[in-house]
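Should a chain be cited, it is by its letter among A, B, C and D, assigned in written order, with residues numbered from 1 in that chain.
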Amino acid sequence: MQVGIDLFVLRKSWLHEIDPRVKLFFVAVSIIILLVFKNIFFMLTALVLLHLLHWSAKIPRDRILFVWKTLMPVAILICVLWVVFYPAGDPLIQIWMVKITLVSLAQGAVLGLRIMTMAFVVFAWLYSTDQPSIVRSLVKLKMPFEWGLILALALRYIPTFQGMYAVISEAQQARALNISEGKGFGRVRTLMPIFVAMVISALRASDQLARALEARAFGAHGVERTYLRDISFRPLDWVFTFAIFATALLLLYLNFRYGFGRQPISLF
Amino acid sequence: MADEPMSSQTDTICLETRDLWFAYGDNPPALRGISLTIRAGDFVGLVGQNGSGKTTLAKHFNGLLRPTQGQVLLYGQDIRDRPVGELARTVGYVFQNPDHQIFSATTREEIAFGPRNLGLEEAEVQRRTEQAMEHFDLTEYADHQPAVLGFGLRRKVSIAAVYSMRPQILILDEPTAGLDWHCTHDLMERLTALHRQGHTIILITHDMRLIAQYTPRCMVLREGKLLLYDDTRKVFEHCDLLRETHIELPQVCELARELAPIGVRRDALTVPELCDSYADLIARREVTNAGGH
Amino acid sequence: MNVRRIALMAVCIAIVAVLVAVVPVPIPATGGYTHPGAVAEIFVSMAFGPIVGMVAAGIGAAIADLVLGYGSFAPLTLVAHGALGFLAGYLGWKKGWGGMIAGWIVGGLALVAVYFLGEATVYGFGFAGAAGELPINLFQVGLGVLGLLLFQLVKKAYPQIEQLGEEATFKEV
Amino acid sequence: MSKIIVVEELSYAYPPAIPGHDPVWVLRGVDLEVEEGEFVSIMGPTGVGKTTLCLALNGIVPQSTGGLIKGRVLVDGLDTKREPVPQLAQRVGVVFQDPETQLFNMSVEAEIAFGLECLGVPRDEIKERVSWALAVVGMTGFEDRPPFQLSGGQKQRVAIASILAMMPKILVLDEPTANLDPLGKAEVFSVVRELRHKRGMTIIMVEHESEHIAEFSDRVIVLNEGRVEMADTPDKVFSQVDRMREIGLAVPQVSELADCLNHRFNSQLNFTQFDEALRTLKGQLDGR
C-alpha cells in the first residue's frame, strides 16, 4: 500500500493559479518579517490572515488542523519555557519559584505562535503548488536542472520506498523476526535485516533508474532542453510580487524607524 | 526426522477461514466473506487477476493481515492473538520478490536466519540450513553473497530460507515469475517433492499451465470473493467463467475443448493427456476403418 | 554530473526521508518515539562521501519534516542534517574505522550544535529550552553509530556498492 | 532490405561484483544481423545475457556499465560503444522489464515528454508526439494520472509510449511482460501486435512466452552459453522440442503436442500456433 507523500491539494483557487516563484518569494519575505516582529497582536493578526489565505485557497480543514495538531505541543512548550525561565516585569501570579508575568506570557505566546505562523506560510506554498511546478520554479530561479531532477526523482521514489519498507518488513516478519521488540539501540539493531534488504533493493533501483534516464536521451550533448509544461509570469503575478515587496518594505521601515512591533505587548 | 514421508491426503483441516472480510484502511473491502477449508497435505493453486485479493487472503494465513471481520483458524485454533513470528513456525510465506528479504553476507547465513529467530539450538539450525540448501541445490553457493547471485538462484535462496523453518504449510507468492522454463519446472518438482513429504503447499500464480500440471486443487478469486474452489480438473470445466476473470487457459485445455466434438477427452489438462486421448482416437478409427474394409 | 550519480543521490534522499518519516523507534525511559534517520544518513555518508551524504541527509530529513507537519523546522533541519552528512562523509568515507567513528562523532555533534543554536536563537526556545532538546538530539545521533554497522552489513552482502555512482570505464580487449 | 543491426563477435564481461575477482564473460562471441522492419524475438535461459545484449544495442553496455568488451555492435551504421548513449537513444529505444523504475515522472504526460525535452524538441511538437504516442498504446485520456497509480499493463504501455515518442527506428523490449498478470500481458501484446502490423518498425523482443513469440516473430534467436545457438523461423526453432528442453526453454504447448504425436506415430507434424494446430488435428481425423 502506498501512502502519498505529496502535500499538494488539487483545487481551483487564485493561490493555486499564481506563479510558484511568487509564492516562494512570499515564503522568504514572510519568514524574515515573522522573525523580526515580536508583538503578540501582530502575530495574532498574521495567524488570522494566514488562515484566511488557506481558506481562500480552498485548503480543507483537516490539512489546517494537521499543522495545528503537529506543532501545538512545540508551541506550548516554547511558551511555557519563556514563562518559566525569562520572567520580566511584575508578576501576575507566583506559584512557588515561578513568577508568571504578563510580558513573559506575551513573549512566550509570540514565540510559540511564530512556529505556527511560519508553518502556515510554508504550507500555503506546498498545499497549493504541485511538485513539478515547485521543481520547475526552482530551475527557473537558476537552480541547475540536474538538481531539480534529483529533487523530483527523490519525491517520486519516497512513496515507492515507503511501500518497499512495508513489504520487506512483512517478509522478514514471516521469517520469525520480531520487530516489536526492544527500545532505542536494541530496536534499531532488530530492524537491521529490514534496513539492509531495503538499502540493497533501493541501490539496485538506482542502477535501473540511471539506465532508464539514459534510454530517454538524458544528457544529450549540445542540446538545449525544452519544456512541455512551463510556468510564466502573468501581469497578476507582477502585481502580487510588487504588493508583497511593498508591504514588506513598509513593515520593516515601521519596525526600524518607529519600533513598530518590537515589544511583546505595546505596538510601538 | 521431522519430515517422514506421509500420505499426502489427510482429513485434518489445517487452515480454515470463516466469513473473512478485510479492508485496507477506509478503502472498499479487498476480501468479502471468504469461507474455505484447506486440508493438511493439500497442494492448492490460488489464482485470480491482480487485485482480486490473492495476496491479501494469503497474508491472513500467517497473520500478516488480520481480518476486519470473521476468523482464521489454524489446525482448529483461532489465530487472532498469535503473533506473526510465532505463526511462522507453522506457516511459511515466501514473498514475491526475493530481493525483499535477502540481506545476509552468505547464503548459509541467509537460510539460517529464520531457524535462528525461532530460538532453536545452534546444531539444529545448522542441520536445517544444510538440509534446506541440499533440497534446493544451493550447497555450492553456501559461502556466496546471495544478493549477488543470478535471479533464479536468488529465488531459490528465498524459498530455502523459509523452508528451513520447517513450516507444515508453505505459501509461495508467484515463485516462478521471471524464471525460464527449466528453472520453473525444477522449482515445481522440488515443491512437489515437499508435497509428497506431507507439506501443505499454497501456490499463488498466474500460470495456469503450472496449475494444470502440478496442483491437484485450485482456488479462484474474483473481486475479493471465492469464485471457485475444487479439484483442478473440475475448476477447469468452468472455462467461460475463468476467461471472464481474465485467466488464460493453457493451449492444451482450449484445444481439448475444441476437439471434444470429434471425440477427444474434453478435460485434458496436460500435453501427454491430450496426446494419449488423440492417439487413442486415431487408433480406434483405424480399427473401425480396417474393420469396414 | 553523471547519470548514475544523479540517480544515486535521488535514491539516497528517498532512503533517508523514509527512515525519518515512517520508522518509529521507542525511546527507552521516556515512552516517546524517535526515528532512525541518522542510521541512514551515516550509512549514505560512509558509502558515498560528503556530497551525497550532505544532500541526502539534509534534503531527505527536511522533506520528512515537511511531510510530518514540522514545516517551520525544515530549514533548520536542512542545515543540521546536511552538516552531519557532509562531516561524516568528509571524515569517514573510504577511511578506516578511526575515520568512520570520527565522522560519526563530529557529524553528530555538528547536528546537535546546529539544532541547539538554531532553536535557542531563531526559533525562540531560549537556551534553557534548547538545552531541553539536547538529550533527544544526542540520542538520535547516538543511534547513528548503527549506520556504521549498516554500512558494514550492506558492503558484505552487496559488494557492488563500491561501484555505484562512479564513472564507469570500459576496456576493449 | 538493409541490415540495420550488425553484431560482430560480441563478447562482454561486467566489472566483477566482488572487487578483485575475475570478470565473468556474459556474452561470448555473439553474431547477429537484423534486417530493417524485421520482428526478432530473443529467448534464452535465465542469466544468459539477454538484457546485456539489449543494453549493448543502445550503448549503455559498455559505456555506462564499464567492464570488458570484444567485438562490436553497429546500429544504423553507428558503433554503439563510441556514439554517446543519448544520441543512440533516438535510434534505438529500449523498454525495460520493471515498470516501477523506468517510470520516474509525476504524470503520464511528463513521462512521455521527458525524452523529447531532453532532445530539445519544440513545445508544439512535443504536444503532438505525446498525444500520438498515447493513442498508439491506447492510453489517451491518462495524461494527468501519476504513473505509479496505474496497473502493471498500463504502466508498461506508458513505458512503450515514452520510447515511441522519440521515434526510434528500432524498438527493443526487454521482457516487457515478465512482471505482469495475464490481463496486463494481453494489453502489452496487443500494443506489440499493433506496432508489428501497422508501423513496420524493427522490433527486438526478449520474451519467455513462447506462445506469443510464435505469433509475432519473423525470427527467433536462441541464446545459450553466451552465444547465438539458433536463429531461425519460429516453426523451425519450436519444432526442436528436445533441444529447447535441454537448453531450458519453453516451446508453445501445441508444439509440445506435435512432438508428442510425432513420437507416437512417427509423423512429421509441426505447428506453433493454436489455429494451425486445431486445423491440422481436425483435418487428420476428417481426412482419414
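Assume a residue touches a chain if its C-beta (ideal position, glycine included) is under 8 Å from a C-beta of that chain, and two chains touch if they have at least 3 such contacts.
Keep in mind it's a predicted model, so treat the numbers as computed, not measured.
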Remotest chain, chain B as reference, centres from CA atoms: A
Distance between the centres, which are taken as Cα means, of chain D and chain A, whole angstrom: 45
Inter-centroid spacing, chain C versus chain A (mean Cα positions, whole Å): 19
CA centroid of chain C to CA centroid of chain D, Å: 41
Sites on chain A at which at least two other chains make contact: 153, 155-157, 160, 192, 196, 200, 205, 209-210, 213-214, 218-219
Interface hub residues of chain C, defined as touching at least two other chains: 3-4, 153, 157-160
Set of chain D residues in contact with two or more other chains: 17-18, 64
Category of the chain touch graph - line, ring, star, complete, other: complete
Footprint of chain D on chain C - complex, ascending: 3-4, 159-160, 162-163, 168-173
Complex interface listing, chain A residues touching chain D: 2, 130-132, 152-153, 155-157, 159-160, 205, 208-221, 223-230
Contact set on chain B toward chain A in their complex: 24-25, 59, 62, 64, 83-86, 88-89, 92-93, 95, 97, 99-103, 113-114, 117-118, 147, 161-162, 165
Parts of chain D lying in touch with chain C, wherever the complex brings them together: 15, 17-19, 62-70, 81
Parts of chain D lying in touch with chain B, wherever the complex brings them together: 17-18, 44-47, 97, 151-152, 175, 178-179, 181-186, 208, 211, 244-245, 247-250, 252-254, 256-257, 260-261, 264-265, 274, 277-278, 281-282, 284-286, 288
